[in-house]
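Please see the structure below; I have some questions.
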Amino acid sequence: MVTLAQVLPAIILIVVIFALTMLVALYSTFAERKVAAFIQDRVGPNRAGPGGIFQPLADGVKFFMKEEVIPVLSNKFLFILGPSIAITASLMTGVVVPWGPDITLFGKTYPLQIVDIEIGILYVFAVVSVGIYGIMIGGWASNNKFSLMGAIRASSQVISYELSMGLAIIALIMVTGTLSLREIVEQQHGWHWNILYQPVGFILFLVCAFAEANRTPFDLPECETELVGGYHTEYSSMKLGFYLFAEYINMFISSAIMSTLYFGGYNYPGMDAVNEFVGPVIGPLIGFAVLFAKTCFFIFFFMWVRWTIPRFRYDQLMNLGWKGLIPLGILNLIATGAAVLYFK
Amino acid sequence: MNLLISLTALGVVAMFGGILKFRSMVMPLSVLGLIGASLLGVYAWNTNQSFLNDMMRMDNYAIAFSIVCMAGTLLTILFFHFFHSENEIHYAEAVALMLFAVAGCAVMVSFTNLLMLFLGIEILSLSLYVLAGLRKKDLLSNESSLKYFLMGAFSTGFLLFGIALLYGATGSFATTQIAYQLGIAGMNGMAAMGLLLLMIGLLFKVAAVPFQFWTPDVYQGAPTIVTAFMATVGKVAAFAAFLRLFQLCFAPSKEGYQLVIGTVAAITMLAGNIMAIYQSSTKRMLAYSSIAHAGYMLIAVMTLNASSNGSILFYSVAYTLASISSFLIVMVVQQNRNNDTADDFNGLGKTNPWIAFALAVSMLSLSGIPATAGFFGKFYVFSSAVSDGFIWVVAVAVISSFISIYYYFRPVIAAYSKQTHDPVMTMPAGTQALLILLSLLTILLGILPGFIAGII
Amino acid sequence: MLTSAFYFIAFVTVFFAVMVIAAKNPVHSVLYLVLTFFGISANYIFILDAPFVGIVNIIVYAGAIMVLFLFVIMLMNLNAEAEHRKSNAFLIVGAFAGGSLLLIVVDAIRKVDWKSVSGQESSGGAIGSIKVLGKVLYTDYILPFEVASVLFLVAIVGAVILARKEKLPLTVGQISHPVSES
Amino acid sequence: MPNIFQTVPLIHFVYLSALLFCIGVVGVLIRRNAIIIFMSIELMLNSVNLLLVAFSAYRQDPPGQIFVFFIMAVAAAEVAVGLAIIIMIYRNIRTVDINELSRLKG
Amino acid sequence: MLLEIKTSATSTAVDYFPIVIQFVFAAGFVATTMFVTHILGPHLKTKKKLKAFESGIKSVGNARQPFAIKYFLTAILFVLFDVEVIFLYPWAVNFLDLGMGGIITMGLFMVLLLIGFFYIIKSGALDWE
């Protein structure tokens, strides 16, 4: 039996993480514009509030207030289903991320992770692979050539890069011997970050993460020069908002997962000493802040790349995925195997 | 095991013949490889080795049937080479698929774990689905491929559900364990249901009535050489697996289902033979005849006694020899006269006496006339059934054999007694020699059956 | 609680499964089938203690196989009108056949003494975990694993040669003449 | 460890998977669109998976679940080949209705 | 016990339950938001706006047209490789325990996989022109 008392901490954590995710997603849009402005030597949004700090809120309200347009020829139910799947899937990934070390509150110890499952990484993969439906259904239901083309491109791209991502992860698992994100983080205690053992794997993962999130330079599905808006050409109001939000949430979560897998998650050098000094409540919160900082760095990196590197051509993108990254992933796998055997 | 590895390696090599530009090597390599693999099989004779946690066992039964399948494949590849130019698109891939298919056959006939049976069947079937659709722009070939695929996948579902129920009843996929558990606890409802569903799945694969409906279209639509391959190698492997499964797992409780298989066999023979009479296309007629032959072979599965293995082996050899050459002759006729009704065989005895001879021998063998291999094939099967007291099944079998004479003789009579103005048929070099060789083998086995009959 | 969860999941799964074969629009069918797979995975994860199979089921079926189906259907423009329904007679015969098969199976397994079939106490280790399954797979089931790779090779070759374009005229049968593509 | 299996009787899983299997069979029999038929077959395979996992869990016997992986692998291979066939046909005649094929033979 | 440090092995049902909560939460959020926007947003129906957008030109034909075969082939090959990659996970987790036997097993599998991959590349199935 699961009682309310048991579920309550989970619910609280879910709510907190949910709010955090939303906040990060909202402010990522803002940050994106600010970063773009910085790189292009402009000011960026600066009207709403001091330095434009309320801009995302204004955007959010606008999404609520805009007119819904559902094209006549489209399949209405599927048209609404598409963005809903996209955002639901992106919200589901966060549950396996360990946000911080165990925290002690009111004499009881709670982990800062919603679920600790043995196959955490596979769970992430499962959710990501379901997320494709959002794009495909949305693009198809729009009954628009650009949308369909965008959806097809997006899904081809996502599935192609999923393979190399899997290969990168497998090499990592050979080192860690577990799929549980929590255990992976704990193994990286202090300075033993996996990036030291898996540099190639990390680069692979990073590239694939860009492709999976449809970020530049892999944003072919929605490249406005060819496909207007890609799969969300016909979308408006909150449904468009969901697609955009999903992208930012994905960016946030994949940054968090990258930090967790390769950069020690909430670990930082000298954390034992700090923990002893500040106690079991503040210590975990510092850990959380560390993870958050790492995540923010990756989000910044995503944006930096977006405004620096031009977009690929589609054939280049597919060739990179199939003929570049997959062989690289396999080589990395073999090298990792040899190294692990040699050193252990 | 070595046999399996070499077949796979051979398939891999053949697969690259097209894209790495060594097409001309593909046929010789495959022929040599198949002969080599057969020798490896002969070398392993009587060793009775089992491999890797008893997943498969290379006993004499497995080796014998593997060699039969490989011989069938060898012939098919040779004929394929004769009739299809090396430069044809997908030539090398087609050969590779045949080699993979025969690797699947080797798995099917040597399994001692249901998982291996399943994988073997799937390797064979997947290759056949693709081969059936090899003529990509031919609607009949397309249809054949699609129908074969859908029916094959459907029957796989039954097979798997049967395996799952059997696993539920016995707690294992290993044949020894299943037989042991069934021996202790006896057949309960779940095991019986599993057996029934497994049987349905396998009956689908061997095209027995009432699961035969896909056969004519599939066999007719597929490229003729592929049809020959399906009807011989595919069917022999399926029967070998069928019999092996029942020998290994269900032999003690055979009283429970013999009646079912016997009935199916009887209906299959009758229906196959009667339907065959009404076909104008000889290729389609041969498709129905292959259904009828499935019925004869089912008799051996039904009796399930000490002599069934040997009799089904002999039957397989006889059937393979006769079937391949008859399909080949149909192909020659199709190519020369643009059709394959009995009338198109007119005057074959005059224009191409050797082809007519091969036709006559293979048809006689298929109908089971003495002095051909087919006679002893039927003889062994029927006699073991009689000794077990299944007189009625044998009676039906004999009656249907008599029916079959009618349609088997139609092209033969046309070939020898009717006249034609059509020119002499042309065919690729070597075809005729091979066909004659096959006929001689058929006759040889008809005179000296002991050569194969006693070995397993 | 688990029992009621099971009934709920089972009911939902069966409902979606029926919708798969009842839906007119193939895209809807695909989505219902995905939901059915989710239901089955929920059974694996929540009731049968087999989380690895459950997740893999989602990744393979929902994330790969059904995506491919959706791809094909979307790109082929198979709308609802594309299919003419079979006649009612067919429907009845089909439903009758399926129903009788169900009855036969249920009748056969109803009488089984389940104590002899299951009832083994759990040995403590979670058999559905990836670690245990991996060990069993890579020690006892090596041969099937390698054989499966041959199967993949067959599938790769088959898919590549069938799906590629070929510039030849369309024919019906090997002998007859090309017909025009309409 | 709370023994979860005692709560839901095994036979219910057998019923459930038999039901799903039969739905798949009916789907194969009553539909004409090759893709939907194929999907019904996938449903049948999945019901087999469910049955195997249920037996495996109740018996605490891993091979049942191993078999499921192989079924998935085979299903993937089948899907690859099957859809390639369907695409090939679609390219020729622009339909996937299995009865259309028979009609076109003419 | 949910969200407490695990002391002993518990069944997976309890482990995974928060995922259900999360799903309910996310789905609830999505549904509510959708509903609220539907209520709040203005409803002006004009014919032109509801047509499919094609760069301002009148839309032509059905959008759902057959597509390049490359996409199919990519998806088909993805399915095959995805399953092969799935098989790697249980192996990687047990990598050290399996030792040399495991490496040989997987090596053979990988060789066959690479042969297939090589075939695909060489046959030009993935060439995007």
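Lettered A, B, C, D and E in written order, each chain numbered from 1.
Everything below uses one rule, namely that contacts are C-beta pairs under 8 Å (C-beta built on N, C-alpha and C of every residue); 3 or more make two chains touch, one makes a residue touch a chain.
Computed from a prediction, not measured in an experiment: that's the story for all the values here.
Here the chain-to-chain distance from subunit A to subunit D, counted in touching steps, is 2. The chains that touch subunit A as well as subunit E are C. Simply put, of C-E and A-C, more C-beta pairs touch at C-E. When chain centres are defined as mean Cα coordinates, B lies farthest from subunit A. Here the spacing of subunit B and subunit E, counted between their Cα centres, is 41 Å.
Averaged Cα coordinates give subunit C a centre that lies 3 Å from the centre of subunit D.
Averaging Cα coordinates per chain places subunit A and subunit B 54 Å apart.
Between subunit B and subunit D, the centres computed from C-alpha atoms are 27 Å apart. Within subunit E, the positions touching two or more other chains are listed as 9, 11-13, 15-17, 62, 64-67, 69, 71-72, 75-80, 82-83, 86-87, 89, 93-94, 112, 115, 119, 123.
Touching two or more other chains at once are residues 2, 117, 122-123, 140, 148, 152, 155, 159, 179 of subunit A.
Of all residues in subunit C, those that touch two or more other chains are 2, 47, 49-52, 56, 59-60, 63-65, 67-68, 71-72, 74-76, 105, 109-110, 112, 117, 124, 128, 130-131, 133, 137, 139-142, 144, 148, 150-159, 162-163, 165, 170, 172-173. Listed by chain label, the pairs that touch are A-C, A-E, B-C, B-D, B-E, C-D, C-E, D-E.
Taken together, the subunit E residues at the contact with subunit A in this complex read 1-6, 12, 14-19, 21-23, 25-27, 29-31, 33-34, 36-38, 40-44, 47, 49-55, 59, 62-65, 67, 70-71, 74-75, 78, 81-82, 85-86, 88-89, 92-96, 103, 110, 114, 117, 121, 126, 128-129.
Subunit E meets subunit C in the complex at residues 9, 11-13, 15-17, 62, 64-67, 69, 71-73, 75-80, 82-84, 86-87, 89-91, 93-94, 97-98, 101-102, 105-106, 108-109, 112-113, 115-116, 119-120, 123, 125. Those residues of subunit C that touch subunit D in the shared complex are 2-3, 6, 10, 13-14, 17-18, 20-21, 26, 29-30, 33, 36-37, 40, 43-44, 47-50, 52-53, 56-57, 60-61, 64-65, 68-69, 72-73, 76, 78, 82-86, 90-91, 93-95, 97-99, 101-102, 105-106, 109-110, 112, 114, 117-118, 120-124, 127-128, 132-133, 136-137, 140-141, 144, 148, 151-152, 154-156, 158-159, 162-163, 165, 170, 172-173, 181.
Taken together, the subunit C residues at the contact with subunit A in this complex read 1, 25, 27, 31, 34, 51-52, 55-56, 58-59, 62-64, 67, 70-71, 74-75, 129-131.
Remark: subunit A residues 2, 6-7, 9-11, 13-15, 18, 63-74, 80, 84, 87-88, 91-92, 95, 102, 108-111, 114-117, 122-123, 140, 142-148, 152, 155-156, 159-160, 162-163, 166-167, 170-171, 173-174, 177-179, 228, 233-234, 237-239, 242, 314-315, 318-319, 322-323, 326-327, 330, 333-334, 337, 340-341, 344 touch subunit E in the complex.
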